[in-house]
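Multiple structures are listed underneath, in structure tokens.
Two complexes follow with chain A in common, the first pairing it with chain B and the second with chain C.
Right, the complex of A and B next:
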């Protein structure tokens, strides 16, 4: 059971990191700014998932708090970028 | 206790006055009046003690181990000045109530006036040299605010700036002098300084101390060659001039000279420096005053001249001259303040102060005319008025001091000549304004002012008369008490009397009076030469000041251009190069070695993660110049990987901080991006030249070297076992001494508390600036236009054309709702992080 679990977690982490690499490629290639913003968002989500995998592996609950915060902050920065693209300004009077 | 109250009361009143509404003219005047009269009563109540020769003291220890105490002391001399300051303050407040127009924002005026009075009382009553300098600078500061009261006028701003530059620079010299005096004596205590006169005069530092103290006193008292600020300070409201420029602030300089007279005077240096400054100011001021066109200009130059007279007396090194100097300080304050008030009345009622336009006002304003004539006669030194007495003493002393120093004829001649001019400008002042046919083309129809304006002036004139007729009955005891506190119990014999017989000084007075009238008559015949001042109109000390000012500003600019670049690239280059150089230094003597700790086995997942991060960082650097948004997004990616790294190596708190910082960075950069120009045109041209390539190669080399260096350093540090002496220190002490278990937090808020205080102060300032920039200093919507991102939508009619028009319904609604839901959560999380604190 434990070995299977270990393999599963490692495999999942590998997949998430690979996803990050693919997101990175999109981030570099663009072509539109919107693509890059989405790529960053994907990076954030996969980073958060990697962190969750770490948490499962080490059976510590701290990682879940952090994952939550990364999700929140990643969302906030994606929104900020999106608003910049749409409106040209992040905080409007 | 009473003493502390005397100094504290005006400052308290100042705070209260500042808080009253802008149009509360009566409330302000009542408040200020009560404060000034209370001060006066407190000072008066201490007279019996002071008259017995006692020194009243109030000591509040502040940093006693450094010799710093808040120490107030009042002896006879300080009493005299404290009385003068508070009495004048009360009269000026009464006068200002009627002088200030309802449109003027009076809280500012009364608040600064009271603060000035407090500072002045502080100077007078200080028993500690450093404390005296602090109050000294406070008077400079408040006088700046008072002179610039009508700050919409350029001359007021200029005059205020000039006054402040000169007096504050002098104050700095005085601070140096006070520090050196304190070093010599071993204490800043005024009692000990005054007791150490001989030691100071024989000390090798005597001359520098003397020069520094004199620089402070002479700038404050507008002595040549620093006299030029006073005429320009006349842009102040007239009550301010009446208070600051006749009774209080300019007297601070001569007050200090007399205060330190027992310590510093008595040497040849003192005689020559002080006398030459005083004599040249006396003559210059009197000469210039004769040719002024502005009524306040006449008074300003005459003040300069009278202060020169006092300085000259102080420089004569005889106790009798000191008596005359202090006596003249009082007399000058009374008649000059009353003249300033009369000028203010004339200005207030006619709308002009121009001596060429004013004429024949005695028909319409008989009371004002009478008051002004008596005061001006006192200024000219007419018998039966107080000015005559002190001038007579001055003439007598000039003869004595002249014969002692080998200037047997020069000093009396200078004194008489100054007397001639003094009479001339006094006669001109009165004759042109109040006599002759009534003027027709005045801006306003003159009439007698309200009683409130004339009463203070009249009271002062009454004092002039009383002192002039019955000197020994009125001012005699006060003068004696004050002199005893400076000179000790054995006073020189002097006689305050109206009539001394047919002596040389009497003839000198006679010559001055007749000569002055004759000079005026002569000048009247040659009216064309009246303005501008003959001989001296080209020599303008103010212009010299401006030239020096401009030279300093230009020099500073040049230095800044030499040392500083506005370009971020240059700044970064210098910073990085410096860091690199410093980091390389140790490797000149030792060589780099890695430590003995074993390496952790490599994890392929982690390596892949780092590849992502490194690629993001390099990409950000490459794109930073031409694709800012892309670079910013990549920066976000690199930040994320950093955060994951921290988490991977089990530092969750660092990881959390990092992720918060990342988001804030992105948002702040986005805020800035909107205001950056799209792309500089010359960059594309510039890109291919050889020079540009060389520069870029150089930058790349520096960057890579620094990066590798940092990596090598961290590697070397991380492979060594922890040197835990420092850590052990903090671990041992944090619970015991600071009472906290989270050592990092304890270090931040306790062991390095001051650092943190500085940091949060800076952060606070930055936050305020950001707030101001976001809220107040946005360019108007008309001038900035629509951001590029919205332009297409605007063209298609989907969005309004102006930025401040309401948006279409539901526009950007979903992100707004989502964020409104998410941000409170973020706030709660951050609050949870904040709560544990140092415990």
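Right, the complex of A and C next:
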């Protein structure tokens, strides 16, 4: 069963990398600015999942902290960009 | 790749959850790439971010619990954070899209 589990880990990593490539294509091709922001948000989440896959594969806890940091930064950057698209500035006086 | 020795009760659900989460995430990103306009492109990535990330985080929790021989619930932090922040981002982006659409129609 462990070989099947290792194959599943590899399969999931490949799936997340493919999803990152799709999001990247949308990020470059997106017609409007909000499409690009949405693609960047998806890219952040998929990168976080890829890091978690690396963490499962190497059985170390460092990747968990990195994934948490990436989720935090993705949330902050998406909120800042969406606020900028909505209002024209990020922090209002 | 390092060989992980897992007991059977951990490896079977972890395998199923990993395959399910990977497929869901790749379908969500394919929808982001293929759907025609922004409002329909808004919804497929949320499937990947909620259900796919939930599956992968539960699988990671099972695997680390089986490796450490004690319950490890660190991953609940990421799950809670993602589930809490995804609707906020989606709502702000939709509001920005509606606002910009109105601006473009007025001109």
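Some notes on this structure:
Methods note: the second predicted complex is superposed on the first by the 93 of 93 C-alpha atoms of A that agree within 3 Å, B and C clash if a C-alpha of one lies under 4 Å from a C-alpha of the other, contacts with A are read in each partner's own complex, and residues count from 1 in each chain.
Here, a residue touches a chain if its C-beta (ideal position, glycine included) is under 8 Å from a C-beta of that chain, and two chains touch if they have at least 3 such contacts.
These numbers come from a predicted model, not from an experiment.
In the superposition on chain A, A:51 contacts chain B only, with no contact to chain C. Using the contact criterion defined above for the overlaid structures, shared-chain residue A:79 touches chain B and also reaches chain C. With both structures placed on the common chain, the touch criterion links A:69 to chain B but leaves chain C unconnected.
In the superposition on chain A, contact is made by A:9 with chain C only, not with chain B. Contacts of A:89 after superposition on the shared chain: chain B is touched, whereas chain C is not.
In the superposed pair of complexes, A:42 makes contact with chain C only, with no contact to chain B. Look at A:34: by the touch rule set out above, it reaches chain C but stays clear of chain B.
The contact surfaces that chain B and chain C form on chain A in the two complexes overlap at residues 10, 13-14, 18, 20, 33, 37, 39, 68, 72, 75, 79, 82-83, 85-86.
Against chain B, in their complex, chain A makes its touches with residues 10, 13-14, 17-18, 20-21, 24, 27-28, 30, 33, 36-37, 39-40, 43-44, 47, 50-51, 54, 62-63, 65-66, 68-70, 72-77, 79-93. Across the interface of their complex, chain C is touched by residues 1-2, 4-6, 8-16, 18-20, 22-23, 25-26, 32-35, 37-39, 41-42, 45-46, 48-49, 52-53, 55-59, 61, 64, 67-68, 71-72, 75, 78-79, 82-83, 85-86 of chain A.
Listing the residues of chain B that touch chain A in their complex gives 605, 608-609, 611-612, 615-616, 619, 629-630, 633-634, 636-637, 640-641, 643-644, 647-648, 652, 655-656, 659-660, 662-663, 666-667, 670-671, 673-674, 774-775, 778, 786-790, 803-804, 812, 815, 818-819, 822-823, 825-826, 829.
Chain C makes touch with chain A in their complex at residues 1-6, 8, 11-12, 14-15, 18-19, 21-23, 25-26, 28-30, 32-33, 38, 41-42, 45, 48-49, 52-53, 56-57, 59-60, 63-64, 67, 74-75, 77-78, 81-82, 85, 88-89, 92-93, 95-97, 99-100.
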